[in-house]
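Here the structure is laid out as structure tokens; the discussion comes afterwards.
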Amino acid sequence: MDPTLILQAVVSGVLASGLYALVSVGLALAIGVIGIVNFAHGEFFMIGAFLTYQLFVSFGVDPVFSLLFVAPALFLLGAVIYRTTIQYVLEAPELNQMLLTFGLGIVLQNLALLIWGGDPVSISGIAYRSIGYRIGGISVGLVSLVSFAVSILLVAGLYLALSRSRTGRAMRAVAQNRVGASLVGLEVNRVYLVAFALSALLAGIGGVMIAVIQSPTPTIGLAFTLKAFSIVVLAGLGNIRGVLVASLVVALAESLVATLVPNGGTLSNAVFFAIIFLALIWRSRRTV
Amino acid sequence: MSPNAMNRVRDLLPVVLFAVALWFLPDLLRAWSGRASVSYLSLVTNGLGLAVLALSWDILARTGQLSLAHAAFYGAGAYVTAVLARLDVGPLWLGIPAAGVFAVLLALGLGVVTLRLKGIYFAIATLAFTEVLRAVVRQLPTSFAGGSAGINVEPLFRPAFDPETMERWEIAFQRNEGYFLLYAGLLLLTIGLSLWTRRSRLQHAFTAIRTNEEVAGVMGVRPARMKLLAFALSSLSVGMLGAIHAHRVGSVIPEGAFSVETTVFALVTPIFGGLYTTLGPILGAGVLAGIEETLKRNLADGYLIGYGLVLVLSILFMPRGIVGMVRGVARRRRAARTDTPPDPATDGTTDGSEA
Amino acid sequence: MSADTKAVLEVQGLAKRFGGLAAVDDLSFHVRTGEIFAIIGPNGAGKTTTLNLLSGLLVPTSGAIRLNGREIQHLPSFDRTHLGLGRAFQVVQPFPEMTVRENVQVGALFGTPGIDRAEGDRRTDAALERTGLTRIADQSAEELTLLQEKRLEIARALATEPTVLMLDEVMAGLRPGEARQAVELVRDVRDSGVTIVFIEHVMPVVRDLADRVLVMDHGRFLAQGSYAEVTADDAVIEAYLGRDDEDDDDQHDDDREAPR
Amino acid sequence: MSIALRVDALEAGYGKIQVLWKVDLTVEEGSFTTVIGANGAGKTTLLRTISGLIPVRGGSVEALGRPLTGVSAARIVRLGVGHVPEGRQLFPLMTVRENLDAGADYLPDARSHAAATRRWVFELFPRLEERQRQLAGTLSGGERQMVAIGRALMSRPKLLLVDEPSLGLAPALVRTVFKALAQVREEGVTVVMVEQNVQQSLKLADQAVVLENGEVRRRGTGEELLRDPAVREAYLSL
Amino acid sequence: LSPLTGGAAGTGQAQKAGFELALQEINAAGGVLGEPLEIILEDTQASPEVALAAFEKLMTEDGVAFVGGGYSSGVTLALIESLKTFQPVVSWIGGAVSGVGIDGFDGIEELLADEPWFFHVHPWDYHNVDAATSFVADSGVETVALLHEDSAFGGPGSAGAQALLEEAGLEVTLREAFTSTLLGGSGDFRAAISKAQATNADMLYWIGYDSDVVPLTSQVRELGYVPQQIFGAPPGWPSEFGAAPEAQCVTGLIGFLPNLPTEEASAFTSAYTDLHGTAPDNYMAALAYAQLWSFADAINAAGSADEQAVMEQMETMTFRSPMGDWSFGPSELTERQGFDADMWLVFQYQDGVREIVWPLERATAPLASCR
């Protein structure tokens, strides 16, 4: 097989991992660090995408700039949702959180359906979406490159924030022992609020990216939630850096299979989840 | 009378009543609403299906294993019966028990490899399993499993039409009655399995494993064996459900048979109704199906927004599901009347687990 | 050691490493049938880890464990329980979703393979009776005082009808009066033919209960013998009891007050 | 001499259960108070109510000149009330070092002295220095207790509430801990300690209180109660 | 019966919009038999069992005599038994899987061809392939790379397409499947595109869903693949896609276009825009509109709501529609097929406008090459 094809597959795979990381990092914060199982994460993502779209059609705002609005907007949305609902299930078992957030997901999805209709929407008239740089027969997509860079920055930033910064450590503390946290002077509820809103914000950034490279429908949420969950779990709960590695592994595998196997494109989901499955099993066997 | 005997009566009586009610329901509906009973039967049947799914899921959840693989058992069942029917081996109905058996084997296989996984790790592993299985089914030779186009499945019931004695809608009624009774039977079977785990020593083993597997082991419980048993009990009815459903809707396609909705509602319904109980998942299914249809009939667009809100509010105001809430009220009543402390026995059962 | 024929529990060259740390290191000792055997040592000496290795919650890095002459270090914990090795935990962990009775039933119904429900209930009642929990048997295990939790911890272990019962700091946090009851309970259990291995920091309790005492430090064997012997041992005083003026009058107080 | 803690007809409990019945307690600044009592007497509940972990149902709590009734636990800590809780309440997935630092991180004044305080804590418990990098969740029972005390000290409290610090500690270490607490008191910190180890804890106490069934049954100096036959019978004889 | 919510909500909502417009016009024009026409919309959620209950509700509770709407083969197959039971007059838009050419699988046409009461509006899958391939043949390319999504929609279709193309003497350099973003695909088609690029085919011919349009076309550009033609056959196209640079010179198969140069078309477009505020982007709206009108016309012509009479009218009458006049006639198996290959248009994005380039008699601009 043509070597440049394989090389191209590797490059595409590496870059594609950026999107996965973007989708997952917020969830990694929510579930891995704060310990809130958020089934509506994909909906934050979807909302972010449609806000970007709306800003574009109504005011012709370029997605790059709409970040400045979408990110805070989702932070706000996250905060509101936390105050009105999540706040009350912190102590509740994981399953209750799942039901609650799943319900929220349905609400958000059908609201979006009501507002934007069921057809996929697309942001037109942005030149950079289809720009690719050719380096020795290999093409590198501008947007993928940027999203890859952004995701690395976000993940690295979040990791540093959580391990080094006081606020970051506060989030972990609150998640690990609420009583202990308040006994060292933390307003547990406020810390959670910030953390949850932050995870929504991160989802929003991913949403902007999706609005640029794809044409979202209101129903994309759940699929992304599940993939994000898988990546976060593969990375290991609470392991922010792991999100990058996990995303890289699955994206690379998808891309290689899609290239090397005839009709491999249809296997991408199978590959994705097969890796998740095998990795989890293998890990569970290894540790005693 | 020994407490066990008491329990047995306490359980069996309502079940028997429920069974009798189900048996007469079609004719009652018919007598009450005439031809409209046709669609009512379909709706109730859908509800029963949800109940079977939910209760089965709950059985496994009692060991602390949050499965996202029930769509896999369901879809596998659907395909087993479809393929058997196409290969034309034996009578049509044979596919249903076969589907059940296959689902159990599949579940045991999955159970063995996921034994050591806990909580969300287990959940995601089972989800991944479902997705992979769907992909595999798609890739199977078209001549065998129909590929992405799917397979047609013969209906189980083709009531003969006799213009003299009956109206056309009565054909539909008889067909729906047939499926209704199958679903009802399946639910009763599942109830049986569920009650067995609740009333036998399995109840202790399951709860112990759910709360702390290590301590359970030191108490002499065999966690692996118990979990696998739960897997088997939890997949049997679901496999058969998928099979019957396939006959009912005339075809199977990978997207439909292994759909995420199945997975999700298998878990949403018991939480809504009340976890780790027999009544909870069934109530949950009934109420949820009822609410959805009511909203659908009374609201125009966006009725699902209402549906989502119901879920949200339910968990905020009934954290232990319907059953938990009812028991809570009952207990407060008792406490109000006499000063006897609350009966913790009922308390424990609806208690959420820390997964 | 193997010279001793009546050894019900034998530990040889037992070791457990966590990464770089040797929590238990080349530890050997044996417990005789029907005796009360105490394990003491500074915090972090490896006592609980040893118990975890004995009850199968941890896999030893190396070493052998024999119960009635049979090697058990490779068996899962439930098998060891079925073979008669019972255990109560240092960090009390009842099943909060169950009542006290149900908690004990778990041990009774599964502690010995294939016993019927009636027998299970008999054992349950017996264990509840013994630990004085009958009165609150139907309370939820959520709302117990520390003392009650400790009793439940013991009751569950008893319900498995062990030949060897291992107790990890069950006296901690009990006030003297209650500790005395607990001591009686343990003696009484031993008299019914159960060998006892227990970990304790409360020295008077060790003094009153232990036939023999094993002292651990840094995961290793430090000393062994009667209470008097080990408490006189300089190494033990150095590592564990500490040398202190208050020390003596403590002892005196206790001695004076001790029931004889 | 001013008052560090004034508890007035305090009532508290859990759900339907009332645990504390009109408890009065006045603690002078810089003094050492020991609370003893049977299991379930309400000692822990008393401390948890003072530090705002459970709501005050009746009566009032006032510490360091400020009313605490209705104030959040976090604020109370920032006001200078440290608490070594029953059950340690550590952060299992953080290292020993991180657990200790957390004690100072969220109190500006304590943070500025963190390094010094940490050194002192390590002097008290050398083992913690060895185990700085170990996850708290994997510590032995006693080691956890050390971390819990260390974390509270890191916040440099003016009033320190300690719940059964000797629980699960080796005899030598028990004395070390009590010495440490005495030393803390020497540095002007007011200490309120709940203990089962009556013998040694009462020796330290300027004031001692016996709590039974949620009510104060006896008061006096440590020495007085040590001599009190009823107390000896109930809490010392073994 | 339309999928108003769930994955196919786009289609369902478009159908709804079409019905609403038709209903308004019909009743403005005096309704049916002098009475205002009344329609009941039921949501199928594109789920078989939901659709089943909904259909039975229409039959028994609402006593409906004429059934319209219709989408998704899975749903249609689920209804077959019940349809045969109640035998209302069914005019069915979707469920385009005829089953013709797929052995071992019975499609809608195969199962309902002989039912006198079943009328099918949307062209069958082989019609679509037929139209698409004859355009390709006319477009002057010699080599074609065929990318298709692998569900019931693109899987069977692509097989037929390859056969017909090779019949027409073209070379199919590659036939490669992918998973549509609509069905949970990752939306990364670079691997498939690179393979096509490697064969350097004149035309990239893809069969997928609406939501694949943007990622696919943009990735083609990104990878620097410049075929003469980029031709796609999704059910619909994202609104405003035209303005995107990567849309330039992209060609597509579509059932209806607002700028179709006929007065029916422009009349429908303006009326639709007045009612809904947006142009009818999804041709399902036009089909639904046509379908409801055909019922109304047939009933009025029959002079009664008697089902037999109405069915006769439907079989014989010619109806008006935004796509021009149409009537029910023979297809492969049935006698009651509405639109066929002739309904399809091929448009090309030229400077943001969707110019009709095929069939030539209806063309608004000549076909341009991307090279």
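We call the chains A, B, C, D and E, going by the order they appear; numbering starts again at 1 in every chain.
As a working rule, a residue touches a chain if its C-beta (ideal position, glycine included) is under 8 Å from a C-beta of that chain, and two chains touch if they have at least 3 such contacts.
Computed from a predicted structure; not experimentally measured.
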Among the remaining chains, which ones contact both chain A and chain C? B, D
With respect to inter-chain C-beta contacts, which pair, A-D or B-E, contains the greater number? B-E
When centres are defined as mean Cα positions, the distance from chain A to chain B in whole Å is 32
Separation of mean Cα positions, chain E and chain D [Å, integer]: 75
State, to the nearest whole Å, the distance from the C-alpha centre of chain B to the C-alpha centre of chain C. 45
Express in whole angstrom the distance between the two chain centres, defined as the mean CA positions of chain A and chain E. 34
Tell me, which residues of chain E touch at least two other chains? 5, 150
Give the residues of chain A that touch two or more other chains, as numbers and ranges in rising order. 110, 113, 223, 266, 269, 272
In chain B, residues with contacts to at least two other chains: 138, 301, 304, 353
Help me check something: in the complex, which residues belonging to chain B touch chain C? 4, 201, 204-205, 207-208, 210-212, 214-223, 341, 343-345, 347-349, 351, 353
Would you pull the chain B residues touching chain A in the complex into a rising list? 61, 66, 113-117, 119-121, 124-125, 127-129, 131-132, 135-136, 138-139, 260, 264, 267-268, 271-272, 275, 301-302, 304-305, 307-312, 314-316, 319, 352-355
Contact set on chain A toward chain E in their complex: 2, 5, 8-9, 12, 16, 57, 110, 113, 117-127, 129-132, 134, 139, 141-144, 213-219, 223, 254-255, 258-259, 262-266, 268-269, 272
The answer for chain D against chain A in the complex is residues 51-53, 72-74, 77-78, 83, 85, 89-94, 98, 101-103, 105-107, 151-152, 155
Okay, in this complex, where on chain E does chain A touch? 5-14, 150, 176-179, 181-182, 184-192, 194-195, 198, 210-211, 213-215, 217-224, 236, 238-247, 281-282
